[in-house]
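Each in structure tokens, the structures are laid out below.
Below, chain A partners chain B and then partners chain C, in two separate complexes.
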Partner chain A sequence: MERVYKKAVGVKKFLNEEYIEVGADDFRDICTYLEKKQGAFRLMFAADERRIDGTFKIYVVFSIHGKDAFAVIVLPLKDALFYPSLTVNIPAAHWYEREIKDLFGLTAERHPDLRRLVLHDAFPAEVYPLRKDHCFKEREWVREKIEDKKIRSYEDKKDTTSQLLSFPTSYSFMQVEGEGIYEIPVGPVHAGIIEPGHFRFSAVGETIFFLEPRLFYTHKGTEKHFEGMSFSEGVKLAERVSGTSSFSHATAYCLAVERMSGIEITEKAKAVRTLLLELERLYNNIGDIGNMCAGTGLAVGYALGAVTKEKLMQLNDRLTGSRYLRGANVIGGVTKDVFQQADDILNTLDIVTKEYKSLMKLLLGTISHVERLENTGRLSKELAQKLGVTGVVARASGINDDIRKAHPHLLYDRLYFEPHTSVRGDVFARMTVRAAEVECSISMIDTLMESGYKGELATAVKDIRPYSHALGYTETPRGSVFYWVMSDEKGRPMRVKLRSPSFCNWPAVPFAVHGNIVPDFPLCNKSFNLSYSGCDM
Partner chain B sequence: MEALQFIIILIFSPMLQGLIKKFKANMQGRLGPGIFQTYYDLARLLKKDMVVSNVTSWIFRATPYIVFISTLAASMIVPVITAQYPFVAVSDVIALIYIFGLARFFMALAGLDAGTAFGGEGSSREMTVAVLVEPMMVLSIFTAAISAGSTNLAMIAKTQNIFYSPSHVLAFSAFIVAVIAETGRIPVDNPDTHLELTMIHEGMLLEYSGRYLALMEWAHYMKQMLLFTIAVDIFFPFGIVAGALGITGFAASFGIYTGKMLFMCFLMALIESTRAKMRFFQLPSLLGGAFVLSALSLLIYIMMGR
Partner chain C sequence: MIISPEDKAHFVDLQKGIDSIFGRSLRIRQVDAGSCNACEWECTALTNPVYDIQRFGLDFVASPRHADMLLVTGPVSKQMELALRKTYLATPGPRIVLACGDCTVDGGVYKGSYAVTNGVANVIPVDFYIPGCPPSPMRILTGIRKLLAVLIGKQAGEMM
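This part shows the complex of A and B:
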């Protein structure tokens, strides 16, 4: 780390976060050094801080190996709208830099692929929604113009709009050429009730040669939306980023705000949050194991998984009034003392454990199912590391990474658990890692239920100092989630960055399916089980 | 009167599909839709408007009729409850296989016609599977045909040569694999999936809607019942009326036939519920294995004489 400090312009420490300000010349070297030698790349984002010191800032967050510390590299951009790209040295930064370009108009120099990512063609060029001076009225102005001219037909309307605003050149997919290669466009509208995403396969016969996913059809402007809310209202929005990880998202968000404002939550609140996080992980992992059976056509396994998951979701409903554990988190604590329903939790857990064991016995005993999973959708450890994948996918590829272990929060420092890894990296490994996590969650819940916890459910909310910021994080069933919040001069949100695990893992899907056959894609995709909504914020 | 036995196939085939779905649902611990649901679905589809892509040719529009009529023609020449009917002269196994071939050929063309990726995939996979299934099916029927001394289905059924010998068992297992592949069931194809990328039979039908879809679906149900019927005609022909059809003969034969169909439905549901779908590139090992079974059964029959 000495090497980093030597080149740093300024170093600021806050809890376990160390903000290291660097110059543009050293930016790439320092980040590469940190990624290669010291830690893991977590996320990268920009913030419009022109109001404070006239700069845009690029933040790159690294976890330091072996200790509970984050190194946050800060690059202020005074006049330039360019910064050196990290993607060449840290491939995991690829999507982050494209995202920053779309939303802030800050270009990563020498980035290999600067096509639009987050915003689609219908969004006008040179309009950057996350800049503070972005004005929604601009669009209203266009609308007024159109109404003035009394334009009725759609074609006319499009013409006028394009005269007033410029639009980017339309998105071009990567082209694969060669004898016998044909393209299969799939989506964005799919059969079944799932979210939109377009997949462009280039296949040779049945073998997938190249896959380019195009996501972000459901870009909702979540981060911008946070800025218009108060911090306590934001909890509701965080809960709705991704349905199946509602509680994890809300917890990470609350932790960020609590750390920023110096609220120390009680032991009781910590215990309730830990318990509900594990319950959420439990129902997701069991549901995912069942869902993989839908990919192989093993209907009985799918049905059993769904039944067991349903029992856990009904338990959630009885505990918190929401099947997705919504409304349980507030800034400063929780709203429900779920330990009062300890009997219900333990009884349901008993039933679920039995059902889960018979499900696993069935799945592992069905050779035709296991045969489909083995060697399908393999993601090597090397690739997984380069792409910075997280969660079950990372652990199934042999990366021992779990935010609960790396940066203990809530009661995770007191609970005994080991992250389960596998070196296979295929669909079967992702199933076994999930299975191991189910057992881990069950034993953690049992341990949590053994002792009593003191304290109020929620502590009073303190005033938030202007321009303070902090990270919040936890492990969702899919992988790590990060929130970075910053307050403005009135103590309201100025910037909320959220990085969901799906954003890290989607870029890995094309690599995992390479060389597999087209009919196996749904199975590979199910084994990743990524969220569209959680990615297309 | 005997000539109308194909009406049984026409009318009851959707119910058979409903039964298999019901059995499967019960095995998965679900209640499942009623056994008449397939009729409601067909009625609804027949009433609905059609959406036809404007890049399609006459093939797309003609295929539903060709498929439906050829399947209906096939069901006319198959003995259902009596082996004494006017079309006996043409009820040849080889003719039957080629009538199915005609329907399949047009279905594959129609899959390609609209120019969508999924239709093309479905057609290409269907033809790959067909190449493997057809010879196996023919060989397994030949074991029974040799013992009956004819490839005429009515003759085979009439001979009533119920022989519980190794060749019989082998031929029957091979034929069941052929039935699974032909009806698009697990482990070859998944009839209940919504995942277009994995589809074989359903992939070819993706562009169809309304009346055309109803005809294609109905033809598929009929083909399924036909294959079940052929299986019992060849391997378990007991109870089929060999002479003129009286009221008692009809009742008895129909009762036994119902029992056999229920057994076939249950067998299909059981196979589908206990297995996962195979990886597409491993299908040749299943279908090739079944081909070896049928070849073996023929060899054993020729060498052992039974």
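This part shows the complex of A and C:
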């Protein structure tokens, strides 16, 4: 780290975060050095701080190997709307830099692919919604463009359809040319009950030669929307970023705000949060194992998984009043003491454990199922590391990374667990890692239930100092989630950056499906189980 | 344990409604117009053995061309607006549009964001809403039952 400090313009320390300000000339070198030698690339984002010191700032967050510390490289951009691209040296930065370009209009110099990512044609060029001077009036352009009277008249069917179909598109997909190569466009409205996204396959016979996903159809402007709310209202929004990770998102957001304002939550609140995080992981992982059966056509496995998941969802409902554990988190603690329903939790867990075990026995004993999973959708460790994937996908490719272990929070430092990894990197590995996590969650919940916890459910909220900021993070069922919050002069949100695990893992999907057959794509996709809404924000 | 007797009582009416209006089969096309995915999972849960909606003649189909009803979720993000209109036009009439979830009403928690259109009715005409964030599978079923009751009422009105 000495090498980094020597070049730093300024260093500020806050809890386990170290903010290291650097100049544009050293930016790429320092980041590359940190990524190669010191730690893991976590996220990258921009903030419009022109109101404070007249600069845009680029933040790059690394977690340092072997200790609970983050190094945050800060690059202020004064009078410049460009910065040196990291993508060439750190491929994981690819999507982040495109995102910053779309939302802030800051260009990464020498980035290999500067097509738009987040914003589609519904948004005209030169509209940068996350800049502070992006005002409401600018938002009206979309309505003018699409809201042609003829398009609005639903009955004039023929006319409208032809108009809609001729809607211009400026996005150019990667072209694959050669003998026998044909394209299969899929989406954004899919055949199943899943979220919208467009996939462009270039196939040779049945084999996928190249896949280009075009996502961000569900972009809802979440980060900007946070800025219009108070910090405590933001919990509600954080819960609705990604449906099946509601509680983890809310927890990461609350932790960020609590760290920023110096709120120390009670042991009880920590215990409730840890318990609910594990319950969320449990229902997701069991549901995912069941869902993979839908990809192989094993109806009985799918049905059994769905029933077990349903029991856990109904338990969630009884515990918190929401099947998705919504409303359980507030800034400063939690709203429900779920330990009062300990019997219910343990009884349900007993049933679930039994059902889960017989499900796994069935799945592993069904050769036709296992055969489809093995060697399908392989993601090598090398690629996974380069692309910066996280969560189950990373662990199934042999990367021993779990934010609960790397940066212990809540009660995770007291619980014994080891992240389960596999070297295979295929769909089968992703299933076995999920299975190991199910067992791990069950034993963690059992351990948590054994002792009593002291303290109130929630502590009082403190005033937030102007321009303070902090990171919040936790492990969702899909991987690590990060929130970075910053307050403005009145103590309201000035910038909220959220990075969901799906944003890291989506770029890995095309690599995993390369060389597989088209009918295996749903299976690969299900084994990743990524959230579109979480990624699109 | 899983479904209460009161809830089961709804099923009788539901079955009657589907039999009388839709000739025993009501086909639904689900369209995610920017939801957080919770509503989708509740729709998926409807097809699990606990709720098992196929037994009533209800089912989710793969194409809007096969559907009697569109079940739309989400506040309609601007990037999904066009796709939603196209899906609507691809659905043969007479079609029912059922908007599912709080954010379909007025954008819900996303109301006022630069990237959403604040509710399904701003994009395509909506016939019925099911509130909830997300509405539980049972609530969606009850909603469909009530919708059928309204349709039966309308039919009776037309006959007279």
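Everything that follows uses one rule, which is that the second predicted complex is superposed on the first by the 506 of 537 C-alpha atoms of A that agree within 3 Å, B and C clash if a C-alpha of one lies under 4 Å from a C-alpha of the other, contacts with A are read in each partner's own complex, and residues count from 1 in each chain.
Here is the rule we use: a residue touches a chain if its C-beta (ideal position, glycine included) is under 8 Å from a C-beta of that chain, and two chains touch if they have at least 3 such contacts.
On a predicted model such as this, the values are computed, not experimentally measured, just so you know.
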First (chain B), second (chain C), both or neither touched by A:216: second
Contacts of A:129 with chain B and chain C, given as first, second, both or neither: second
Which of chain B and chain C A:225 touches, first, second, both or neither: second
Chain B versus chain C as contact partner of A:191, first or second or both or neither: both
Larger contact residue set on chain A - chain B or chain C: C
First (chain B), second (chain C), both or neither touched by A:241: second
Partner chain in contact with A:303 - chain B first, chain C second, else both or neither: both
First, second, both or neither for A:64, with chain B first and chain C second: neither
Touching partner for A:533 - first (chain B), second (chain C), both, neither: second
Chain B versus chain C as contact partner of A:75, first or second or both or neither: neither
Shared chain A contacts, counted only where both chain B and chain C touch the same residue: 191-192, 303, 307
Chain A residues within the chain C interface of the complex: 119-120, 122-123, 129, 134, 136, 139, 142, 146, 151, 154, 157, 160-161, 164-165, 167, 188-189, 191-196, 216-222, 224-225, 228, 236-237, 240-244, 246, 303, 306-307, 309-311, 313-314, 317, 323-324, 326, 531-534, 536
Touching residues on chain B, where the partner in the complex is chain A: 24, 27-30, 117-118, 121, 186-187, 190, 192-198, 272-282
Complex contacts: residues of chain A adjacent to chain B: 182-186, 190-192, 206, 293, 295-300, 302-304, 307, 366, 368-369, 371-372, 376, 517-522
Complex contacts: residues of chain C adjacent to chain A: 2, 30-45, 48-50, 60, 62-64, 74-75, 77-83, 85-89, 103, 108-110, 112-116, 124-125, 133-134, 136
